[in-house]
Amino acid sequence: MNRNIKDTIVESITGICVLVIIFIIVSILAITIIGGWPNLNWAFLSEFPKEGMTKGGIFPAIVGTAIMTIIMAIAAVPFGVITAIYLAEYANEKSVLAKTIRFAVKTLAVVPSIIFGLFGLGFFIGFIGKNMDSLFSGGELRWGQPNILWASLTMALLTLPVVIVSVEEAIRTIPRDMREASLALGATKWQTIRKVVIPGSISGILTGTILAVSRGAGEVAPILFTGAVYFSSHLPHSLSDQFMSLGYHIYIMSTQSSNVDATQPIQFATTLVLLLLTFSLNAVAVTLRYRIRKKAK
Amino acid sequence: MDDYKVKVKDLSLRYGTNLALKNISMDIPEKKVTAFIGPSGCGKSTFLRTLNRMNDLIDNVTIEGEVYIDNINIYDKNIDVVNLRKKVGMIFQKSNPFAKSVYDNIAFGPRINGISQKSVLDEIVERSLKQAAIWDEVKDRLFHSALSLSGGQQQRICIARSLAVNPEIILMDEPASALDPISTAKIEELIHELKKEYTIIIVTHNMQQAARTSDLTALFYLGDLIEMNRTEIIFSNPAKKQTEDYISGRFG
Amino acid sequence: MYKVPGRIKNKNKETLQQMASFNKKKFRFSDWLAEKVIKAVAFLSIAVVILIFIFVFREAFPIFKMDSKSAAPTETLVQESYGGAETENSKVKTVDNKIASSNKKQTSSDKPSTSLFSNTWMPVSDNPRYGLWPLFLGTLKVTLIALLFAAPISILAAIYTAMFAKPRIREIIKPVIELLAGFPSVVIGFFALMVMATVLQNIFGYASRLNAFVGGIAMGLAAIPIIYTLTEDALTAIPKTFIEASLGLGASRRQTAFYVILPAAVPGIFAAVVLGLGRIFGETMIALMATGNAAMISMNPFDSVRTLSATIGAEMAEVVFGDTHYNVLFLIGSLLFIFTFALNAVAEFYFKNVVIRKYQSKK
C-alpha cells in the first residue's frame, strides 16, 4: 500500500515535469502566434521596413537569411558529408587521427556561438579579408569588413557538426551486406561509397542539411559582428555586402529600437516568421530522421 | 599446370587471438560444385570468405598460409583484391540486391568496369538474367525495383548480378537458407546448370542440399577440415568416424 | 527445360577478363585521390578548432604585452589592422591618435591587466576600467539559476519518459521536447523579454524587470532539451537484463528506476548536465535580451547582471580594431572557449570512460 502511494507520487512528479516543459513549449508557440498572426500578411513579408523601421515589412531580412543559409549550406554540407564519410568508412576507430577528428567535431558542437563570431571577426575579416584586400584591391577596404560571405562561412563552421552527425548516422544504417555485395562484384572502395553508400544516405544528408539550415537561420550571435546590419535599403548584391537577418532583426527591434512598444507587432510577427521557419524545418528533419532510424531496425 | 582451380595450403585464420581456421589444405577442381558442410560456427563460411578475401574487411583478422587461384597466391602482397573479386564472385546468405531497378542491379558490375554503351549493357543484362534462369520472370519488370521481387527471385537476381561481371568462380554462402522449398529447388537447378561454365563453391548446413547439388563435399568441424571427398563417398562411405556421425545426425 | 546461354563471348569477355587479371596490383587514380581528399577534408575539422584557438587568443594576447612595453605594441597593432593601406593614411593617423590618447589615459590610470581584476567594468569612459569580476559573478549567478531550474526538471522528465511512459506516449513526448532544441535562442530571449519578464515580475514583485533570475530561467529553457535528451539516452542505455532482473524480483518500476537504473546512469546524467552547463555558460542572445546587462557586483538574484558572453555580443560591434577594449573582449572570448572546451573534454573522456568501465566490469 505504502509502496503503491510512493510509486504514484514519483510517477506524478516526473510526469508533471514533462507537462511543464511541454506547457512552456506550447506557450511560446501560442503567444508568438497570437502576438504575430494579426500582423502577418503578404505586405509584411514582401515590403522593406519603413519610417525608421516602425512600419513596413521584413522582406530584406527574409532574403538576407535565405541567402546566408544557402551560402552556409553550400560550404557546410560538402565539408560535413565528406567528414562523415571519412568517419564512417575510412577511419580506423582506434587511430589517433580518427579520435582527434571526432573530438574536434564534438568541440565545434559545444563551442559557444559567440566564439564563432569572434573567430569570424579575427580570422575571416581580420586575417583573410584584410589580406585579400591588400593583395587584390591594393588595400582598399572591401573584404576586410563584415559581409554576408564571412557571416555565412562563420555560420557554416557552427553548423558543420550538425551535418556530420546526421550523415554519419545515416551512413551507419546502410547494411553491411550492401557494401559487401558491391565489393564482391569487384567494385573498389570509392566506387562502393559513390554508388552504394552515398545514394543510401541521401535522406541523412537531407536531414543534416535541413537541420543545419534551421540552426543557421536562427542563430544570431555569430553574425552580430561578421555581417548582419539592422537596416539596409537594398538587398545584398554581392558577397561583400552586408545583410539583414530575421534573428538579428528581432534582437535589434526588441532591445535597441527607439520605440519598442510601437514596433511590438512587428517584433512578434518577425518572431513568428522565424519560428515557423525553423520549426517546420525541424519537424521535417525529425520525421526524416525518425524514418531512417526505423528503417535501420 | 594441373586441373585444380583453387588450391589452399595450410591456411589458418585468427579473429584476434581466437583461432577460427586451423591449417586447412584442399584442392578444388574446375567446373565442379564443391560443398562445405558442418555445424554452425565450424568455420565453413569464414573459409569461403577467405577465397575472395572478403575477410579483409573485418578488423582484427589475421591469415596465414596460401590460397592459389589459377596458380597465383591471392594472399601475395602484390595481389589486386578488386580484380580478384571480379574473378571470384560471391552470393550471400541473405539476398542483398541494391535498392535500384533490376536492370541497374545487373548493370552495376559492368558499369563499374567502365562499360557504359547501352547496347552492350542491354546484352549483358539479358544474358546474365537468362543464365540465372530469371529472365522470363523479370523481363517485363526490368525497371522495377529489385526489392519488389520475392526472396527467391531476389537471390537469383543476385546470382545474375554476379554473373554479369563474368567471374570464373562463384562462392555461395548458404544461398538458399532463407528460401522456401520451391525457390530452393530453383536455385539448386540453377547451380546444376551453372557448373558447366563456372567453378562453384557452396556452403550449406543442409546435407541433402549438399548431396543433391555437389560433386565434392568437405566437412568442417571447429575450424578443422575433417574430410573431403567425392560427394557420394562422403555420404555413403566416409573415411572418418566424425563424418559418419555428422552425416547420420549424431552431432551438429 | 531451360536452356542456359553460354558465358559472355567475344570482345566483352576479353575486356572483362583483362581487367580481372589480379596478379599485379593496379593503381586506381580515382580511389587514391578520393581517399586523400576525404582524409584532408576530415582533417579540416581539427584545423578549424586549432584556428579558433589561435585567432581568438591572438587578438587577446596584446593585453599582456601592453604591460611590459606601453606604447610600442599598439602601434604594431594599428599597422596590422590597416597594413599596407597607403590610401588610408589619414585614417591610420586618426586611429593612431585615438589609441595614443587612450594610451595616455591608461598610463595615467592602471595598466589593462591589473584593471582586469578590479571591481568595475566601465570600458567606455575617460578612465576605462576592465574589471572582469562583475562579469564573472553575473555569469555565475545566471548559470547557477539556469542549472538549478533546468537540471532537475529535465532529469525528472527524462526519468518519466524512459521509465514510466507507455511506448506510444514516449514517442510523442520525446520529439516534442526535442523540438525545443530547434527554437532559436533569439526567440527564447524574445519570449523572456516580452512575456516571462512581466509574468515573473508580477509573481515575485522585484524591482528591475530584466535580471539574473529571468535570464537564468530563459537560459534554462535552452539547456532543457540537451540535458533531457542525453539523460534519456543514458537511462535507456542501461541493459534490459538489469531492468528485467529487478522487476522479476518483485521491485516496482519506481524502485527499479531509482535503485537500479538511476545509479547506473549517473555518469551519463552528469555528462548531460555538464554539456547543458556549457550551453548556458556560452549563451549570448538570451543573456543580451533578458538579463538587463548591468555589470554590477551583487548577490541578489533579482538584480540585473551582465554575463561574459553578452558583454562580447553587446560591445564588439562598437569597439575599434586593436583597441584595448577590443583585446579585452577577445580575452573574455578566450576564457569562454577554454572553459567550454574543458567541459566538453571532461564530459567526453572522464564520464564516458566511467560509463564504459562500469558496464565492462558488470558484463
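Chains: A, B and C, in written order; residue numbering restarts at 1 for each.
Methods note: a contact is a pair of C-beta atoms (placed from the backbone, for glycine too) under 8 Å apart; a residue touches a chain by one contact, two chains touch by 3 or more.
Values in this document were obtained by computation on a predicted structure and should not be read as measured data.
Visitor: Taking each chain's centre as the average of its Cα atoms, which chain lies closest to the overall Cα centroid?
Guide: A
Visitor: Could you work out which chain's C-alpha centre is the most distant one from the centre of subunit A?
Guide: B
Visitor: Mind checking the centre-to-centre distance between subunit A and subunit C? Centres are C-alpha means, answer in whole Å.
Guide: Spacing between the chain centres: roughly 14 Å.
Visitor: Rounded to the nearest whole Å, what is the centre-to-centre distance of subunit A and subunit B, using the mean of the C-alpha atoms as each centre?
Guide: 48
Visitor: Centre to centre, by mean C-alpha position, how many angstrom separate subunit B and subunit C?
Guide: Each chain reduced to its C-alpha mean, subunit B and subunit C end up 53 Å apart.
Visitor: For subunit C, write out the residues touching at least two other chains, lowest number first.
Guide: In subunit C, 20, 28 touch at least two other chains.
Visitor: So which bits of subunit A are touching at least two other chains?
Guide: Correct list: 186, 188, 191.
Visitor: Please output the residue numbers of subunit B that touch at least 2 other chains, ranges allowed.
Guide: Answer for subunit B, listing residues that touch two or more other chains: 82-83, 86, 113, 165.
Visitor: For subunit C, which residues are in contact with subunit A within the complex?
Guide: Subunit C residues touching subunit A: 20, 28, 30-31, 34-35, 37-39, 41-46, 48-49, 51-52, 55-56, 58-59, 81, 83-88, 152-154, 156-157, 159-161, 163-165, 173, 175-180, 182-191, 193-195, 221, 224, 228, 252-255, 257-258, 275, 278-279, 281-285, 288-289, 309, 312-313, 316-317, 321, 329-330, 333, 336-337, 340-341, 343-345, 348.
Visitor: Spell out the residues on subunit C that touch subunit B in their complex, using ranges where they run on.
Guide: My answer: residues 2, 4-8, 12-13, 15-17, 19-26, 28.
Visitor: Touching residues of subunit B toward subunit A in the complex: what are they?
Guide: Subunit B reaches subunit A through residues 52, 54, 57, 59, 82-83, 85-86, 89-90, 92, 94, 96-99, 108-109, 112-113, 158, 161-162, 165.
Visitor: Quick check on the complex: what are the subunit A residues that touch subunit B?
Guide: Those residues of subunit A that touch subunit B are 92, 175, 177-188, 191, 195-196, 199-200.
Visitor: Looking at the complex, which residues from subunit B come into contact with subunit C?
Guide: Per the touch definition, subunit B meets subunit C at residues 72, 74, 76, 78-84, 86-87, 110, 113, 115, 120, 123-124, 127, 130-131, 133, 165-167, 193-194, 196-197.
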